[in-house]
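You will see two complexes here that share chain A, one where it goes with chain B and one where it goes with chain C.
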Partner chain A sequence: MFKLIESDAPQRRRICEIFVDGEPCQAMIGEPLAAALLKANCVPMRYTPVSGAPRAPLCMMGVCFECLVEVDGTPNVQACATPVREGMHVRLIHGARSIGQLGGAAQ
Partner chain B sequence: MSTFDVVVIGAGPSGITAALTAANRGLRTALIDEQLSPGGQIYRNVDAVDNGMQTILGPEYLHGRTLTTRLQHSTVTRIQGASVWQISDDLEIAYLQAGVSKTLSARHLILATGAMERPSPMPGWTLPGVMNAGAAQIMMKTAAAVPSGDVVLVGDGPLLLLVGKQLLDAGASIKGLIQTSPIAQAGKAMRHLPKALLAPGYLIKGLRLLTHLRAGRVPFFRTDEAVNILGSDRVRGVSFIHKGQRIELTVDTVLLHHGVIPNVQITRMLRLEHRWDVDQQTWKPCCDGHGRSSNPSITICGDGAGIAGALAAEASGAIAGLDACFALGNLSEGERQKLVRRPARAHRRQLRIRPFLDTLYRAPEWLSAPLDETVVCRCEEVTAGQIREMARLGCKGPNQTKFFSRSGMGPCQGRMCGLTVSSILAAENGVSIEETGYYRIRPPLKPIPLLALSQARVARSAGTERNSQPNEDPTHE
Partner chain C sequence: MTKHETDFIVVGGGVVGASIAYGLLRRGLTVNLLDEGDDAFRAARGNFGLVWVQGKGANSTAYARWTVQAAARWQSFSSALAALTGIDVQLQQRGGLHLCLDNSELARRDEELKGIASTIGEPYPYEILDRKAVQHRVLGVGPDVVGGSFCPMDGHANPLRLLKAMHAAVHMLGGTHVPGHHVEMIEYRSGAYELKTPHARFRAPRIVLAAGLGNRQLAPMVGLRAPVEPIRGQVLVCERALPFLDLPTLHVRQTGDGGIQIGDSKEDVGFDDGTSLEQMSQIAARAVRCFPDIGNLNVVRAWGALRVMTGDGLPIYEESSDQPGAFVISCHSGITLAAMHAEVLVHWLCGNPKPDLITGFNAERFDVQAH
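Let's turn to the complex of A and B:
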């Protein structure tokens, strides 16, 4: 949904690899995770627990909570407020969790 | 737990200036901020912004570095990446940092929690591909990115025009700018023009933005009713009435903007007094001329106290910092009077443009009265029609509609629907919005993992009702 603009100093961008639902994907170290996911076209970014409606980030500043994802086993993390780290594992949220289906942290 | 003379929450222009002012007068000062680096949203990522973006974002953005540099060389204790989730009556502040809940305590608290974009409920606004215009600007500031497909801008106001210009410069494809502010407002705004002319540079900047967008061949439209955002799994276009004709544009991204409003979540949680600002069509906390709130230990500055912009925020931060010094006995009344003169003058100069802007870019009526099928509470997916139905069943205020529909009870805790739900209830019940009231905001202010909560030291919370037991020890574990 977003593209990186061209730069005359691309070497300054510190590119790393993260994993989204197991798939490797490029991102810049330190950028908001939600921004990396938008650039990787992970849209819809989640499906709501109420009706399964498709959503993507609205505000990018921590107020709308539309960018919730699972990061390294921790569910419902605001991706707009989470800086990208090398090798982070992200899972997109597909609707409500059911009983017995625990987050990665508990496994 | 550390104790500080002054704790400032929020490291935007007002928070940084407030902290610097207090620290420069020798007070032990801490600055808590949610982001990993200071600057707030306006100067977000200003110290590490991508090379290619610097020219596009311009000198007004890079001005933020003067603040972050001064902060770096100060004695202020900086606590970044920290989300405040509770503040007790005796100003014990609990925050979550890297998954751990920590506390510190303040003798005087300064809130500089800034603004958020006014929610723009309209049909289809929950679709992926719809973002706030400010969010697109954050993508430029933090990720050097612009929308890859066709874009349409919907709304009005200085930030929308600025984002439009910046996107154009960064190579985005803008298919149109749909202005929503009522055309009659232009006439009404003229009354405020003489005063606006005394404000430094704003009008020229605005005209330059408009000229730039027109030169970039961005088509301008204007509509008097809600824009329909089309699509099923993501945006595919917009449909609206322009000069009596229905127009459909095929786009991938819709950027919404109807001005900014104070983010009142923290001031509401603290049960501070608020009032409805008719001109800015928003709630704001009641403050005296120095920013002191209805709680004598709390001062508020920046856009969180009322929308005035980044430069005004800088001045109001200095005023708030002096107020904290005065409150703690570090300054006498006379000394403060002398020291406050300069920032107060700067603040007044910046405020001169507001009546003109607030009138010209007044949000349209339909925004606070969305069509029945429009989702207003995005988290719990409650529509405007359901809120109206609850009003007909006897709900007087938003805390009642909460019980019946869960509106305002999802992860965003009412940030995105609070204004709209109160407006709909007020209109439906034929009473004022003040009488209708607002959501009762309770801690945790931001969701906190149970693990962190269980390990947190418990203090009496400002957001819960007072315990009537007289000898309760507020410091118990």
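Let's turn to the complex of A and C:
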């Protein structure tokens, strides 16, 4: 559904591999993680903690907090404001996060 | 200009004014609830949401008893609101904790609660807890917590849902909430008060000023005084998490939706309802000492709000002696006292004798004694 717009600017970004819920997936180093996840068709990207409603990135500029994902073990990271790094492990979020060792595991 | 005539006008659409309007409407009276715009100082939208008994009224037995009775009414009050409006205000009233970070704080707390319990003249259940007993009540307590106090009458609710529910109730019972009307002038004319706003005139034989800090300007228009001052509190809200905190504490609570609210700063900075890094750091640091795992959470919102405080922290409930039928109501604890305001206070506003407990809550107590 989502793909890169063709442009005249030379594409200098390097392709890398990231992992989404354990599955390998191609992305470009330095692109916004939310963009990479949209291209990988990770929609809905999360479900809200209160109503369980599905959510996907909306603003893509750090304001709406709809694109929260877990990155390398850190929950609720804004994917639109996180550049892709080689080998990053991303988990999609269902419901509220846990706090420390309290409140059980998030999932 | 149009005139709107009702039995009562309540000035102030916050928690205090809405509680009173709701109570009046339940008695079958007609009410206009006048409110300002979103540029007003709105303690009702910035507060912490505690239904809190422990420690209140250390300087006034009457206020301690008024508070205990208010807390006792909360469960049925919120049930009635939910039955009418379908809005659950997320009341949890299984007790509350005040955590202490050193032994002298704990000793002071013990003294203070002992003092209230020995003078209040009615049951005042509370426990002083050592560290182990605190850990028995809540998980994840930090190593700096030496103990605390627990009071089973305490609880918390969602203050925004409460305000929404009361506004819905006002509407459903036939009252009118009129936002965007700043009262500029109050005149008594041929048997009723006339309130002039930039857009309209409103008439009623009885008026209740419940405009928070706005009462400072309004009260003198009907021969009353409301010497209230703004005391700023700053609040931090962290992202929603799975439930971990079973009880609210004075400084940290987990809301019904999972968010962590951190608060209880107190500053005298005039009418500045902003935030400051210094205060936010202090309240965050205390919260993390109480519950270290909170340090892992992202803060998603922060704000300042202005408490409506009298010099002694007690309310003003007063009818004008010059202009009967005009009342001023100012208090800091609008959430805790909501049921008292909707029920007991409204009984008085309708022409019944003033309840004994609150006869002393007049503004004249602040007058300097002449010698």
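Criterion: the second predicted complex is superposed on the first by the 87 of 107 C-alpha atoms of A that agree within 3 Å, B and C clash if a C-alpha of one lies under 4 Å from a C-alpha of the other, contacts with A are read in each partner's own complex, and residues count from 1 in each chain.
Here is the rule we use: contacts are C-beta pairs under 8 Å (C-beta built on N, C-alpha and C of every residue); 3 or more make two chains touch, one makes a residue touch a chain.
This structure is a prediction, so every number in the text was calculated from the model and none was measured.
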First, second, both or neither for A:A96, with chain B first and chain C second: second
Partner chain in contact with A:A56 - chain B first, chain C second, else both or neither: first
Partner chain(s) touched by A:P32 [first = chain B, second = chain C, both, neither]: first
Superposed model, chain A: greater residue contact from chain B or chain C: B
Partner chain in contact with A:F65 - chain B first, chain C second, else both or neither: both
Touching partner for A:N76 - first (chain B), second (chain C), both, neither: both
Partner chain in contact with A:P44 - chain B first, chain C second, else both or neither: first
Contact residues common to both interfaces of chain A (with chain B and with chain C): 50, 65, 76
Of all residues in chain C, those that touch chain A in their complex: 139-140, 239-244, 257-258, 260, 292-294, 296-298, 300
Chain A - residues contacting chain C, complex: 49-50, 65, 76, 95-104, 106
In the complex with chain B, residue positions of chain A that touch it: 1-9, 12-13, 28, 30-32, 35-36, 38-39, 43-45, 48, 50-51, 53-66, 68, 74, 76, 80-81, 83
In the complex with chain A, residue positions of chain B that touch it: 34-36, 41, 44, 48, 50-53, 56, 83, 99, 116-117, 126-132, 134-135, 138-139, 142-149, 170-171, 233-234, 252-253, 263, 378-381, 410-412, 415-416, 446-447, 449
